[in-house]
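Look for chain A in each of the two complexes below; its partner is chain B in the first and chain C in the second.
Let's turn to the complex of A and B:
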């Protein structure tokens, strides 16, 4: 029998490489699958989103300029760090979603594998999505895919870790920065994953994580003029319409996906065409 | 010169005037500034504060790499900060180096910006390390080129060495050069004055010597316009007003980059010297990046969604 008092963990947001509480001071309660209280994560407000977008915008130029090789190394490093904390993720997945240990372990394994898979894509996507175009003149003509800038994303409710990584990894693979809203009911995986990111040499602000309510944050993501694209994979299909309308003002690219696909990387890239005279 | 009857222009009377000042309670000033910074300004008050702050901005470019083109672009922005919205007021002034004054004045007059004055940084800005002859010539040049406001730097070396009379005489001489042609703003570079007591002393010295405005910093040294420093200067202005009935302006400069910071400054002004000072004639903010943030916040209030730096002009 130990007299030691429990050390309870405070789950906070992840913005610009730091772990701030929400500006609003609000929290909400999450319970385990069996209905037992687990934690009070932050209920992020639109101002947290605004701050996160500022951080993501500032981080974009550096992350975009990093070589594809370097981005791949960092994504691989994230996978390494995730592997090292496997047990904690398994515990948290089991705590919040009513799954067996075998299933939880498979989710973590899949998550690590998925990160490694995207790590491999960083230096290959340009040759897959780009092209050399024949033109009627003495020029080389190249189409080069580039990152868009700041992408916002809404992670699916479940699976809370795998779904989160499946949304975030393709966005940052090409050099975008991301502001992502984690699963509302099971945000622990995302917040613990923030600790993995913080120790993975990922530059501050490349990934920013909020926890809170989709219906509160999603419309602000859609209307924010400094967000270039939006992944609404985690939003129920019937809410897609109004979000797409709200995002039309700045011609935001809005996508949702059902499975892993190199197309997820390309969806958040835009093509640049370069002309170069032959013979120089 | 009367110096408000406070000093006679001699060393002894200046020393006794400055030595009679009360000291600054450092902890108290910092606590009060921090407390006032927690005020929340919302909706219509915020809208008013944003527009007021825009009229107070001294839109500044003080780079070695300034070109006539950049200065002209800045002037255009000063007259009409948001080209798509004519309800946005013009800024308080355009602040440039001496050799750019005529470029700025000519361009402002050309585009209908006669109401926007040009401020010039003179007296060997930013260090102030030059002979008095050069400083006077520097100031005269700026006024001849059309500057209506002169931002002079004090000799911090002389001030820190205790040669207050030298600093005093310098300000008096520049004041004479300005005459009735130009407003005089005196820059202390508070980041180099070390203590709040020195800031208060410098404030009273400059005000007695004839400054129209007292200004925190050049923008070249950090820390610049911190809230406690501005509070100390505003309190000096308030005390000076009680002594002499003269209203002296204050200009924080450097480090005020977003709307929140600017509104905090307005709160400090309102709570320290009162709403009379919430006027570009008595309060200015030296800044460059701030204006874009004010415009973006204004758009947010009008449109209902967050704006992007892509929708304001680049500096």
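Let's turn to the complex of A and C:
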């Protein structure tokens, strides 16, 4: 066994359900916590982002229309797939971030549990965030929250798997599609998670994953006119201002979060109020 | 034989307008430095001289608001806060006619609308929010909702008192104090509201009112002592505000422009639909951010609808806003009239066909006849830009899907209208439309309990209802 040469994985992007290399041909080197070469992931370009947004926009109508029950089952399916590949995620987390096995295992456990938590929200959030409104007149009036469209997100550097899932799950729970930039230093978890997504019946284009540099990708996300909203939880606070300035061009909804709560789902939903007269 | 309406003017004896006004800061009227005139747009008569707030006044108002917040308002129980709001609502009801007359004089809108819509809704807004003040922890917006602090509020000229109510009532109910700037051309009802605050014995500094122009607005937006900006106005200014506060901790709500589609399917009840189209675009001279300014007609009923629409437009009474029979009043300002005229000229130049009913417009004041353009394409400026006047662009579609696609083909997303007798189609269309307020078989309805606000470039956040409260509370992560 010891003479066997490993078959190493090429880490690529995840766009529209496929695993393309960056069109730019650019890569960057990542090393293990001990300084050993690990992989050359893609350094995604502005064109890769645009392609991902096209895929996300095309996928929105179907994912948004899917029943909340169906979306819940798919999110739960993602959790099932992740649970089944625990060992691989634990290894990759330990390799890149030098954490103990116990800590890496806890991160994977938390990730699975967080997915299950959001899976249960898909068919409840509308009851919580919607309302019927007793207007002073003969009208039926109700407010329904619905997904915004295409949301872009910057995942935090660490924890690379849990942080990634914590950003992505609330966005897609309500029917949004997402283009997300993975942790720059530790992108393996996100790229392997793409393989989980690819085997979870998630429609192509609902989650699109880029690897690369925050300082390049974030401003492109902010100024892209077909992105409706932005989660910048993974960006350092001092970079939030310039991103918000760029995002004002199409009045993107830009948020960052410190914890998980249903407000995180609602932040990327729009409230739609419908009036209809009542009469014979 | 023809029947003519006799003049039925509302009396202006009920209002007394001072020759000059100051600012309302810390519960008192404070004399201003520079002044500018506010006029009656129907006659160009100068109504009063209005103070222009500069840095010193903004500083003083923010200071007064902060003091009121820390010493009084944030410490008061919700139950007591609510009682002040109830008092305000009641006084507004008592003085409703006075407010209506003043609004019509300063704004140019028909007295019928200020009397029956603006003022009653403004009072209702305070009454509704008064009841929230001691029930915030049950609003589903966190278990321990806390106010933000001092809110800077900048409102437009199209519904002066109503927009004040939309801003001030939720801010106060949630425990914030406010610095409010009414629009440059319509300050009078806000200044009368300051008197209402005095009569209600509202603690000094809880509401501060500064008059001025865009420069005053910019001073408020950029003031470091303000925690929250609430703005209603143009998308252009909304973006400037979004950029200005990007690197601060200020939270922001924006109610901006619109270019609402009013979609008529071939099964619509035509007579009701025509009334809805008229209300959608000619209510308040079309000075409405959610106006149904793009009429989308299914091709097979287009001719019939247009024929009836033109007949109905011939019966619109344009003229003296103080006359109780007037349907369409004066354009609010010369500046706005220039903008409407310019965009309508672009409609001619780009090949759309203009039609207006014959009407005698008064010689003095600012007026624009109710107008429709047919043969409009999606590329025309009059189909893309907000005109904010009594000008309707008419487009057609063949299939329901095409109608929805055209409706959604805009950077705005404030409101939309649907006309159809078929329930499933109405619900389908309301699901497909990307807009925050959908009026199905009705249009331009407003209520304090009903959240209002837009998708996309029509703004951030909602006003009214349970949803509107979150704009003024801390720790609500979706704000």
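By definition in this document, the second predicted complex is superposed on the first by the 274 of 280 C-alpha atoms of A that agree within 3 Å, B and C clash if a C-alpha of one lies under 4 Å from a C-alpha of the other, contacts with A are read in each partner's own complex, and residues count from 1 in each chain.
Following the convention adopted for this analysis, a residue touches a chain if its C-beta (ideal position, glycine included) is under 8 Å from a C-beta of that chain, and two chains touch if they have at least 3 such contacts.
Owing to the predicted nature of the structure, the values given are computational and were not obtained by experimental measurement.
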item: Touching partner for A:245 - first (chain B), second (chain C), both, neither; value: second
item: Which of chain B and chain C A:19 touches, first, second, both or neither; value: neither
item: Chain A: partner with more touched residues, chain B or chain C; value: C
item: First, second, both or neither for A:28, with chain B first and chain C second; value: neither
item: Touching partner for A:253 - first (chain B), second (chain C), both, neither; value: second
item: Which of chain B and chain C A:134 touches, first, second, both or neither; value: second
item: Touching partner for A:224 - first (chain B), second (chain C), both, neither; value: first
item: Touching partner for A:264 - first (chain B), second (chain C), both, neither; value: second
item: Chain B versus chain C as contact partner of A:272, first or second or both or neither; value: second
item: Residues of chain A at both interfaces, chain B in one complex, chain C in the other; value: 249-250
item: Of all residues in chain B, those that touch chain A in their complex; value: 304-311
item: Partner chain C, residues of chain A touching it in the complex; value: 128, 131, 133-137, 139, 141, 143, 148, 228, 240-242, 244-245, 247-251, 253, 255, 257, 261, 263-264, 266-267, 269-277
item: Touching residues (chain side chain A, partner chain B) in the complex; value: 46, 50, 53, 57, 220, 223-226, 246, 249-250
item: Complex contacts: residues of chain C adjacent to chain A; value: 124, 140, 142, 235, 238-239, 242-243, 246-247, 254, 256, 411, 426, 430, 435-442, 445, 447, 449-453, 455-457, 459-460, 462, 465-467, 476-478
